[in-house]
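Next come two complexes, and both contain subunit A; in the first it sits with subunit B, in the second with subunit C.
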Partner chain A sequence: MATVTATVGHSGVSALLKNLRGHRAVGKLLLLAVVAAVIVPVLDSHWASGSWPGALTVDLSAPLGRASEWIIDNRDSHPLFLYFFGYVSSAVVLSVRAVYVVLLAAGWAGVTAVAALVAWRTAGVRLALGTAAAFLACGLLGMWVPTMQTLALMVVAVLASVLLGALLGLAAGLSDRTYRALRPVLDTMQVLPAFAYLLPVVLVFGIGVPAAVLATVVYAAPPMARLTALGLRDADAGVMEAVTSLGATARQRLLTARLPLARKELLLGLNQTIMMALSMAVIASVIGAGGLGDRVYQALASVDVGAALAAGIPIVLLAVVLDRVTGAAGERLGSDSGATAARWVYAAVSALAVALAGHLTGRLDWPASWTLSIAEPVNRVVDWMTNHLYSGVPYIGGTADWAGHFTTWVLDPVRDGLQWLPWWSVLLIVAALAWLIGTWRTALTAVLAMAAIGVLGVWKPSLDTLSQVLAAVAVTLVLGFATGIAAARSERVERLLRPVLDVFQTMPQFVYLIPVVALFGVGRAPAVAAAVVYALPAVVRITTQGLRAVDPAALESARSLGATGAQQLRQVQLPLARQSLLLAVNQGVVLVLAVVIIGGLVGGGALGYDVVFGLAQGDLATGLVAGAAIVCLGLMLDRVTQPTARTTKKGA
Partner chain B sequence: MRLRTTSVMAGAAALLTLTGCGAVDMTKQASPFANARGAKSLTLSVQSWVGAQANVAVAQYLLEHELGYRVDTVQVDEVPAWDALSQGRVDAILEDWGHPDQEKRYVEDKKTIAPGGDLGVTGHIGWYVPTYFAKQHPDVTDWRNLDKYAGQMRTAESGGKGQLMDGSPSYVTNDKALVANLKLNYQVVFAGSEAAQITQMKQFAKEKKPFLTYWYSPQWLFKKVPMTEVKLPPYKEGCDADAAKVACAYPHTPLQKYLNADFAKSGGKAAAFLKKFKWTTEDQNEVSLMIANDKLSAQDAAKKWVDSHASTWRAWLS
Partner chain C sequence: MSTTTGTPASTPARTPAGPPGSADAVFSVDGLWKVFGPKAERVPADPELAALDPAELRSRTGCTAAVRDVSFDVRKGEVFVVMGLSGSGKSTLVRCLTRLIEPTAGAIVIDGEDVRAMDKNRLRELRRHRAAMVFQHFGLLPHRSVLDNVAYGLEIQGVGKAERREKAAEVVAKVGLEGMEQRRPGQLSGGQQQRVGLARALAVDPEVLLFDEPFSALDPLIRRDMQEEVIRLHHDEGRTMVFITHDLNEALRLGDRIALMRDGRVVQLGTPEEIVGSPADDYVREFVRDVPREQVMTVRTAMRAASAAEAARGPALAPDATVSEAIEVVARSGDPARVMDQGRCVGVVDSAALLGVVAGADTPAAGAPDGPRGEAA
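For the complex of A and B:
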């Protein structure tokens, strides 16, 4: 290895650095070992080893239960609710309603025309056609009204998120102190599973649209804030200098130089906010958001994969359209100039004309006879799959047998092993891993988060969840790296993969759950399978991009030295793409955790089940404790896998 | 952060008092999607099981086609549904399996929910084994013999013990306490949702494997997978008072309807109709089976039932 990397010019430096890092790693481990040698006997004599000691837990269920009772009893009389939350809630209801009424009044033709024209003006003709087709497909699937409900909720949530995010971002972009205070909070919020956000808002607002919108805003605002701050802070120093020397006031500097320079980041922030809002709007159906997510949820209740898919497809279409249009708008910025105002007027007028035509002909609702039922054929396919693949397939066994084997040979040993480990050794392992990959700060956060789980008294279920996450991440990484390498080496494979990845990345997590139950039965194995399918696209994508980004000069010189394909990959590409691979691991872990939690709906048990139970039984104490544990687990996993330099990322 | 929230709240409160706005009771806010077209409309809660969907489908069909209402449905779990009903976000629950705590809080203390009478269906929860297995091993239907079969009921998820399959965490269940108090060698495994549980039961039935499951009647699945109840120690009034010490069977519960108190008073024809809505277990099963097994849409199933049972539903409209 040394010969190849050393001869490849500038990567020699990185080899040197790596050597150094190797020594540092040994040092860190030694230090940890010394600390452990001192502390562990003390801990062990004080509280026995094994599971987290009961003396170190704090039972929060009684106070949390009382808090939730108090809220229910005082929700209609206490001034805090009457004069503050009441207004928030009614503002949400009124604005969602206003948007919904406008959408219905525009009729299907009007909405489709407006959407297509907006797409045309911002992103070009091809995307405009795609947008129109997507909206028509929603109607064709018989999902027009739910689509409009989701859209109304989204519009309000996205506007609120963008406003909130931009304000926070502005504050953080202009003031260093705010930036330092906000950054860790925003970073953390981005790695938390959506499920953890639901309970606190339900506690205050009860089941319904206000709670759903607020959860969505809290979930979707951070990327906007991060990217706004980033854009403002990265403004070209030279330009700023020039503007200042021209005698511009602070406000002028902001409006004429900083904000325009940050346009790209702002649009990227908008794009991410929209995508996150959509995924949350679907999950929020569990707390009464209505719309498409609710259709998916209801269909799953009667094992109707076809109907779930009929509602899932519009979500995917909406996601793809919104993603592409905002993305294209970002790319066209700057290249496009002048004389657009008139075109916007034409566009607006023609959209209005279409809407009016629809209105006059009385065709506001999507005509019932124009719908296409896909539920039945899809269900036939699913039935066939369960009949023929479930078990007793000669030689390879059925899917249920695989799931059983996976549970007994992988999940059970990992879980039992984790639960068998003395509690202090789990903390030590977490510390060691986090410190090796990141800094002492990340290590400290990770250890504290893990300890918090123990203090909350959910040590065992958390380790159960952790075991599922580890198993799913392992499978995801093996599959993801393999696919990523293939895609990085062959242009054709990547072209084939891209649309598949796009679709899979935007599918609502709910839709994955029932086919995996049909294939793998009930339990932890299907939860893990759903998590793998969900996390795979991000891992594949990051791996591919990382490998592609490797300096071609380094590859070329390796090739000229006669390295074979495998050698190039192992000795040049993979080491040089280390950062991206670590990022892929980090993303994989975060995404897997999000779905393993939702796996509580299909027998995943552990923390996810506690959250579902808390929501379902109105037992918020159980749910909130589990939610807090999920937050800590997410924090710990993120910190343990966090590469020192974090780059902005998408999704989550 | 805390300071900011407080100051924002103080600011908001000050603004509101200045502008002379009064209090806003968020418990009196309907769904933003209700009444969108200015029609008479109401919202019904649909629980996740199919029997409840059948109730709602028929009520919805009649309200829409005979009384000219627009009906929205929303899926909410049982306990949160009480909360939503109390707040008026849904107007009625058509099938409740008994929630004494909520009943006391909302019906007796806060008076935000009004009882809507019997649904006409009697519900029963129990432990069931498939009939094909009960025929081969008749003694399995007594709880005392369950341990004998624990080995055969074992799955990957239940560890070394037999598996007692439960469905959704939202349903009324004492199973964990029952297993512990009857000292059975079983492990309660929650499928997580009824959908997951049904899928699993159908798979077991296809392979004629034995299984033990939490189940309830009326339920359409009995028509597809015949099951026999396992006898637990008999139910006596009050034997399930302490949730941790339960060691008896589940009661037979006449299922109840509940209406939002305001809706019950001023809901006009719709409220009167929902109070009179009462049918039999057979009726409900007929509709459920069409929805869950024949994969008819809820509305089509309701139409079919309504077309052939005019005499039953005419009485609800008078």
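For the complex of A and C:
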């Protein structure tokens, strides 16, 4: 009996090791163990185990505080501010105001007409109707003015992001050296939570519209730059050669071939930039962007779910409309030709006519009598839910009970466990995970990022955030993989899921906080729930696509050998989709982190709270340190889950 | 004629078919090398390295020689075919002609002008006006209509819109795509797309047309159509063509002369008849083994001297008639046929000689050095 279990145990272990890429993994682990055996006793004798040793931290709050004070003192006198940041700041304020004034001057009818006609020309009749309906709904909810404020900020931020991103992408697309220099920066920027961008801009520009716009630009430009570079570099080599063979100059090659060939990527970049800009423009309400985000932020601060929802719905509508219209523009590329100019003129003229009519009839502002206040009834529903669903529902408990149990039984033990672990063992675990999945480079980056968190003196709150991330990722992956597998195996499930995923994937992070507050109140559990809901669609989608993309010939041969459905899944689909599954994990981690940090706004505590606290109290030093820790945490989590093994060898 | 040494046109690499830049040569290539890899220049310069075979070269230097010491002339008005299997260096060779790939060593002369010495502007002029290329994967701009794709070469030369569209429409009609001017390349079949590629090259009215395996991506029936299209165009316009292919039948059908490449070297250069009738080495012999010889060989190769009686009577044949045509004539009449050149009997073919050709035995008489092209079809 004993021998049987021994062999079973042995084969189980060896199978596990084989899954971790065979002997190579064992070698890595052994090497790491040897290094640890040498170093750990030394570390342990110098600095005690347990939490990060105080001797190894560098207190940055004093110098950061001084820097922040110096900036505040010199903002009106130092030439750097007078002649550079001052101009940037006033240019931003002026352009946002100009757009806002134009939007108000066009009136609600004019704006709706222009939006609908643009949607009609780029995306067809159905989306034009949808766009008009969405704008009217914004007005109906009494949110016309905040919607226009957000839109004005968006227009300026998106234009700047696209310009900046396209220029960077052009440089990276045409020069290998620029590309090599820029790519890691863009890659890293894309995994960082939005909150990490807030503090540095506030430090320079103070709280206000310029800071909000610039944070949005910095956050939203990377996808444009990335996709522009990608599109330009991926231009069909055969076409480029043909163009060269006809004697085109470098300029002609770029303008007549390389750029047009990259149109799809350019439009995709525009789409992503707009979506990220909207997401950030809403979050930037924390640093002084007015509009819809601000309404949500204020409402959440007083746990007024009704008001938050009234402002949240326009955000979602705006997101869906912007995404569908720009997405459809990309898909319709090249399908129609001729007579487009005339139709655009027609559209422009009719939009102008509507705007003028509105102007002449004096109906520029949304009529107050046409608004529908949903805050009251929503709050009544929420109250009812609080009374009836929060706790004490027979057998299943209540939502607050669930949140409480989740906090007590999952979040607390994970957090306490992480904080109980000796600091060096956390570093070792990070190193082992990153090295097993990626290369020694990613492992090194991950370890250094984790160590930097300790050096910054925010070890404990970071581990708190990490515990929430781990819990949320675990839930996300279990649900996401299950749903993804179901969708990959059944057409019907996929058809049902697709529209849901589409909508969920376009919603800005901030919006997810509203329903979870309604359901679970405030605390860490709702933050985790929001993170799960936010990250789930991407995980489901990547899993489904990965499983679907498995070579049909391999599946067919498995079927022809008589494999059952489960065998096909386990032995063919899952192993072959390994890369996609790892990508799903990576995306899941990155997305979860973004929302867990924002969860600081609804009682998630930890690093996100430090940032909010720093902003609210004007204590920029605390906020900046927390922001830096968020950057490090994001870097670490991304590197630990990055399957870069041998595929990116060429780029490195 | 068991060896090729006596015939200048079929000598393998090293000795060019004529002096570089000879009067009727459009392109003249001499000692051309293209080596990929680190410090590529040293390979052609060092006779010891230059003599290595590909595997040894790679292990010694890390370099790959795609084109090794190739020399040939392309004469005005001919269809010059470069043929070889994949990896033989033929595509690299044709790209070297207009320096789409920069050669490592050697000389390329077009109409007496040194291509390798050209500066950027001269080179651009060469590509714009003198040599246009047709590509295996078409290389069309997917966002432009057929008409604008065809007009593209003129557009980058700075020709005005109306003029270039007019010219393009003319060429579109010439390649048989009328009515499809406003379609996008994505809406066309492969064969139609290649017609657009051909039209684009023709639109700039180049001195030489370069074809890089233009029909390899097409299915056999369409490939045949396109080959006929090229033959027709060549017949109508007499434009000089350099044609790269891996398909022996295509090479025999189209080529006035064929350069057969292997591992970057030209192993034999000659008319289709010479390649099939007197292979330079075992590689070529193996290569052409399955070719129906009677459709390539001409009676000029198969004939023997006529006796006085034979010269006086019997059915007449032109010297460049194929053996298969001769078989038909001889079989019908039962007598040896006379080969008549300008009213003079130069020889006779009888059934024994013709059967010898079909059986692959060496032909009795040596073929003319610069024999006219065999009508492979």
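Going forward, the second predicted complex is superposed on the first by the 609 of 652 C-alpha atoms of A that agree within 3 Å, B and C clash if a C-alpha of one lies under 4 Å from a C-alpha of the other, contacts with A are read in each partner's own complex, and residues count from 1 in each chain.
Assume a residue touches a chain if its C-beta (ideal position, glycine included) is under 8 Å from a C-beta of that chain, and two chains touch if they have at least 3 such contacts.
None of these values were measured; they are calculated from a predicted model.
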item: Side-by-side fit of subunit B and subunit C on subunit A, or clash; value: fit
item: Subunit B versus subunit C as contact partner of A:149, first or second or both or neither; value: first
item: First (subunit B), second (subunit C), both or neither touched by A:376; value: first
item: First (subunit B), second (subunit C), both or neither touched by A:241; value: second
item: First, second, both or neither for A:249, with subunit B first and subunit C second; value: second
item: Touch count on subunit A, higher of subunit B and subunit C; value: B
item: Which superposed partner A:261 touches (first subunit B, second subunit C, both, neither); value: second
item: Partner chain in contact with A:403 - subunit B first, subunit C second, else both or neither; value: first
item: Partner chain in contact with A:293 - subunit B first, subunit C second, else both or neither; value: neither
item: Smallest distance from any CA atom of subunit C to any CA atom of subunit B, in Å, after fitting; value: 32
item: Footprint overlap on subunit A, comparing subunit B with subunit C; value: none
item: Of subunit B, residues touching subunit A in the complex; value: 9, 12-13, 16, 21, 23-33, 36-37, 46, 48-50, 53, 74-84, 87, 89, 105, 155-157, 159, 165, 168-170, 189-200, 203, 206-207, 291-292, 295
item: Complex contact set, residues of subunit C against subunit A; value: 98, 100, 124-129, 132-133, 135-145, 152-153, 155-157, 182, 184, 186, 197, 200, 204, 210
item: Subunit B-touching residues of subunit A, taken from the complex the two chains share; value: 72, 75-76, 79-87, 89-90, 92-94, 96-97, 100-101, 104, 149, 152, 202, 205-210, 285, 287-288, 290, 294, 297-298, 300-304, 306, 375-376, 379, 386-387, 390-392, 400, 403-404, 407-408, 412, 513-514, 517-518, 521-525, 599-605, 609, 612-613, 615-619
item: In the complex with subunit C, residue positions of subunit A that touch it; value: 236, 238-239, 241-249, 252, 256-257, 260-261, 263, 333-334, 337-338
